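Have a look at this one.
Here the chain labels run A, B and C in written order, and each chain numbers its own residues starting at 1.
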Amino acid sequence: MTLSQVLRQMMIKESGSNPNNDSSANLPDQDNQPPTLAHTLEEFKDCSDVTHESFPEHQVELIYFDQLVDKEKLSRHILSPLLTGTEQEVSKMLLHLQPFHTNSSKDLILNILAGGVGVFHGPNAFVFNVYSPENRSISQSETETVITGPHDAFTEQINTSLAMIRARLRSSHLKVIKLSVGEVSKTEVYLLYIKDIVNMRFVDEAKKRIEKIEVDAILDTNMIIQYMDDNKYSIFPQFLTSERPDAIVSKLVAGRVVGMVDGSPSAFTAPTSFFEFFSSSDDYYQRWILGSAIRLLRFIAFIITISFTAMYVSVTTFHYEMIPENLILTLTESRSRVPFPPLYEALLMEVTIELLREAGARLPTKIGQTIGIVGGIVIGQAAVQAGLTSNILIIAVASSAIASFVIPSYVMSASIRLIRFGLILLAGLFGNLGILFGITAIVIHLSSLTSLGSSYLNPVAPFEPKDWKDIFIRAPFSSLRARPTQSDSPNKVRNKTRR
Amino acid sequence: MNRMLLFLLTLVTLIVLPGCDYRILERIGFTYAGSYDLVEDNQIEVGISIPRADPTIKLVRELHSAIGKSSKDVRLKFAQQTDLLLVNGQIRVLLYSEALARKSLSDQIKGIVRDTSISPLVKIAIVNGNAKELLFKNYKQHLSTDKYINRLLEKESTNHQIPRTTLYEFERDYYDDGVDPVAPVIKDDGENITTDGIALFRDYDFVGKINSKDALVFCILRGNFKKGSMSLDLNSKNDDNAQNYIMFTSMISSKKVYVEHKANEPIHVVIKAMIKGSIHEYIGDLKLSDDAQRHQIENKVSQLLSERANRIMKQLQEKKVDSLGIGMHVRNSMSYKDWKGMNWREVYPEVKVDCQLHFKAKDYGKAR
Amino acid sequence: METSEKLSPFHTTIFIYMIQTGVMGLILPQLLAENFGTNGWITLFGFGILATLNILLIGVVYKLGQGKSIFRILEQSIPKFMLVPVYLALALVWALLGCMAGKEYILIFQMYAFPTTSPMEFNLILDILVFWLLTMGLYNIAKASTVFFWLIVWFVLLLFFFYADFSWSRMTPFLFKGGKLSLLESLDIYSSFVGYETILLMFAYTNQKTKLIKSAMLGNSITTLTYLYLALITFGVYSLEQLKSKAFPLLEMLAYIRFPFVERMENLLFGFILFTVLFSVVTYEWCALEMLKQVFPRLKVNFLAFMLMLSCFVIAYIPDTLNEVGDWLSTLSLIECGIAVGLPLVLIVVLLFQNIGSRPAHE
């Protein structure tokens, strides 16, 4: 393309849209043929873990993956009649299998891969699901711990996770759409919603976006949501993820859509707003005043995280007038031994803290604690004594790091920590105005963001004062009567308790 | 695509553009206090005190002084003497010698007001004696002198031994046509610094002083306040044998001014002040718990205070300075034309002012 | 990215407020003292009412045109080649107005910090932010303005600090005495209200539910009240002559605020005023962009916006002192006041002709 063409493309509007060239439309259709044993075996050629058993006396052939199936179920329903049974019993078994009769080779293979057993009897093929993979037991969530309230968390096994939701929501209105993503992995993705509470607009949108994904494998919920993002360049997560079934159920009844990925212990919900990342299910299990106080604390923590170190840099580099009389001498004294300008000093310490955090996260818990002690005491104390940083900066850096961990969502807290670096840089270049330029940029970006097409800053812009009492504070339940406006639910009232 | 471009553009901008107005904390010398003295040839001597907080050196503060035509002129000389970048943003106290103030502070104040880095909360004080010597002298039993002066002024003004005088207040009263500015006076007292009354200004010129003994009454007349304590000798002049002494604290005073115009008569102004306080000390024959006797003491105190107030008022009128802001009340009781038609400064000494101070004991301590 | 969503009444109100308030608010009390003397703050009521009347005039256009965009109204009766120079002239005025307001803010800031850094560095960042907002479309601009509104509204609480020094007797009982009224300067005061006329171009982005005119009037009254409150406090804290001698009384007042952990708040708070300035700038640039869109319908909006901001940036090089920028701004606001009244009048005339022309066809 020549330069003039590029320029032309940048400048001039395209008139009329290009016809969509759909590449996925004309795939070879051979998989839809009726299944045959030969074809199936051909498919699983070189898969040494596949089990193929023949029962020539009954004209039955079995194909399955030994490690995926529930042995007991398999032997009770299929193997034992075949091994020991008479002709009569075998035909009875085959009769039972009738509902699982399949006509599509593709379907058969997919089901075998998903833990079914393929049964070939003459020209007929059946696939019977006896899926039971090895499973981790239900345990506490490592990333989202609460003090009061349920402690169980989703596991990697989707059936267990779905069961945890079903157990909490005994309603036939809880609907589950099953989708499959990943051309190789064929990962099962479930979309959950409650009929009559959810706005179908969001379900359809989420479904559409998942169906559009064309990728080899999806390994985690946090991966699939990035394929579904409204704005892929944004630093902020546009879907809320959680490992806690109670949190997810609360989102469901609030009228949001929930998505779960097989093999991932977290579920995502949408549409979501920036402020939702600051609430934890704890807030609802405590008295409302406490819950409100903690929520406010989190917003204060947010301000501290993004601004403390930046303010330190800005004030010590440019705006010395702002320091109160009693503080200025202490500050000067601790700064006077530091050989670098405040900007480098701050970046150095911030990077150190991030290194510590990352090291702590990668190491096993016990060693992680040691790292914490080594980092916290040795580096902090020694750095000040060696004259590499001022002790007031250590306080600023440490408190902003601590504050960042107050934010319940790990993804959000990581994003915010990264933003902090930008603000520190701006503060070092342009002082307070730099910080405010940074904040302006963040707010402009946030206000252009959407989550499943609904505004990311929901109760603030568009302005929904009703929702503020469940976002900035946690009002008593008696006044939390409506579902959040963001979910645009057709069934607005959620609480009719008369008192 | 567009967004990436924008992002890159911003990033490049940030890296390319350096801010260059660094004021890195340890490289700047922030003046804490300044002193101004008049020397011959119409020149002024400026002294500044810069606190140092470098742990490697013992120095507590850096002192510089120089003589020049104007304060800005002198600053250039300081800049050549120090390794620090001199800045004004942390100035807390400005001291002017009485001699300079008598000549006029006009140039000095106007010079400061324009400087955006100087806080409007800078305290202004007049030094009885040489300002530079006072600032440069080290007082053994006190903090570094600049801080000592600042805290002294702050404490004394919260206790209303002197009026609170910051640059903002000084300037405001200068510009207001119904009130004249005041400033506290301090002096060297050997081992210590003490307050030495209140300087009265006509415009920017020092014209007189209120003794520190009368300072509290002056503050009562000037405005409402809380806090402050006062001791009074209740003896009348003829019987000085009997001990009769009272001291009260936690004063709450509220002032009201009434202006009355009568044809062919000078303007009549009544200043009424209500003072409430707790009696902390009383040496005398009367019993405080007895209502009648306490009222007797209260009346006595009120009478003494009113006498003092009237005396101060006379003094002010003689000097033609309306430091109490009576003009403001007079102005607000007249039409604009009449006010502008009258030269307040000339009319002021003729005004009949009557100060009525009433004291009331809120409580009288643990003893009855 | 342009969404088809229409402005909501609340957003419009706040948006108008954010457009109107700006850097003029810093100078306003001084201008009032200079022109009207004692108790000059009361005149703000009058200015507010004038602005309201002007909004009502625009309301007439809205009503007569049944919410049609002004381009459709004009192009229906006047041939395009005659309109193009008008569009370009309007675009020029608005683009300049926006860019001067931004530059003025930066120059004032530089009195307090970064005195020797080139103002164009800051101007560049400001222009990038403005460009970014421009590419997001009006709906998102209005949305962002709401967020920024919440970020600065707590400013009002800071004024409680002045209650101790506030005195009614300092205000004097005289009404408008001791001032020197000059027509040009009182137009400057009025220009601190200007900004509401941009709703003329917002017709296409609204519907019945927006209640555009009502929201604009509400926004205007919030502006008036804010200014009134600010001016009232300044008049009570400063004596009249002192006020006249201050270039930026509001900033100086902010310097007075002192917290135990931070002093000299003007250094920080001045940065916050960036938010309101940003929206004044963005809106004028947006108006200029709307005009340019009509002139060059074939060019991409983002490209137009880029060229607009680029030329603004270049033009901002020309005046380089605070006084020069102030003069430019005065002249431009004068023209803008003219546009605010003149453009709706022209539109009304055009609409009346159209209605007369179309009536027989109906019957």
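Quick note on the criterion: a residue touches a chain if its C-beta (ideal position, glycine included) is under 8 Å from a C-beta of that chain, and two chains touch if they have at least 3 such contacts.
The shown structure was predicted, so the numbers you read here are calculated from the model rather than taken from an experiment.
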Centre-most chain, if every chain is reduced to its averaged C-alpha atoms: C
Of all other chains, the one whose Cα centre sits farthest from subunit B: A
Between subunit C and subunit A, distance of the C-alpha-averaged centres to the nearest whole Å: 43
Between subunit B and subunit A, distance of the C-alpha-averaged centres to the nearest whole Å: 63
Averaged-CA centre spacing for the pair subunit C and subunit B, given as whole angstrom: 42
Sequence positions of subunit C contacting 2 or more other chains: 113-114, 125, 132, 258, 263-264
Subunit B residues counted as touching two or more neighbouring chains: 10, 17, 19, 21, 89, 117, 119
Contacts with two or more other chains, residues of subunit A listed in rising order: 318-319, 321, 323, 325, 430-431, 441
For the subunit C and subunit A complex, residues of the former touching the latter: 1, 8, 10-11, 14, 109, 113-114, 122, 125-126, 129, 132-133, 136, 140, 143-144, 146-148, 150-151, 258-265, 267-268, 270-272, 274-275, 278, 298-300, 303
Residue ranges of subunit B in contact with subunit C within the complex: 2, 6, 9-10, 13, 17, 19-21, 89, 113, 116-117, 119-121, 168, 171-177, 328-329, 331-332, 335-336, 339
Interfacial residue positions of subunit A with respect to subunit C in the complex: 10-13, 318-319, 321-325, 327, 430-433, 435-437, 439-441, 443-444, 446-448, 455, 457, 460-463
Of subunit A, residues touching subunit B in the complex: 233, 316-321, 323, 325, 328-333, 335-338, 341-342, 425-426, 429-431, 434, 441
Contact footprint of subunit A on subunit B as seen in their complex: 3-4, 7, 10, 14, 17-19, 21-26, 28, 30, 51, 53-56, 87, 89-90, 92, 117, 119, 150
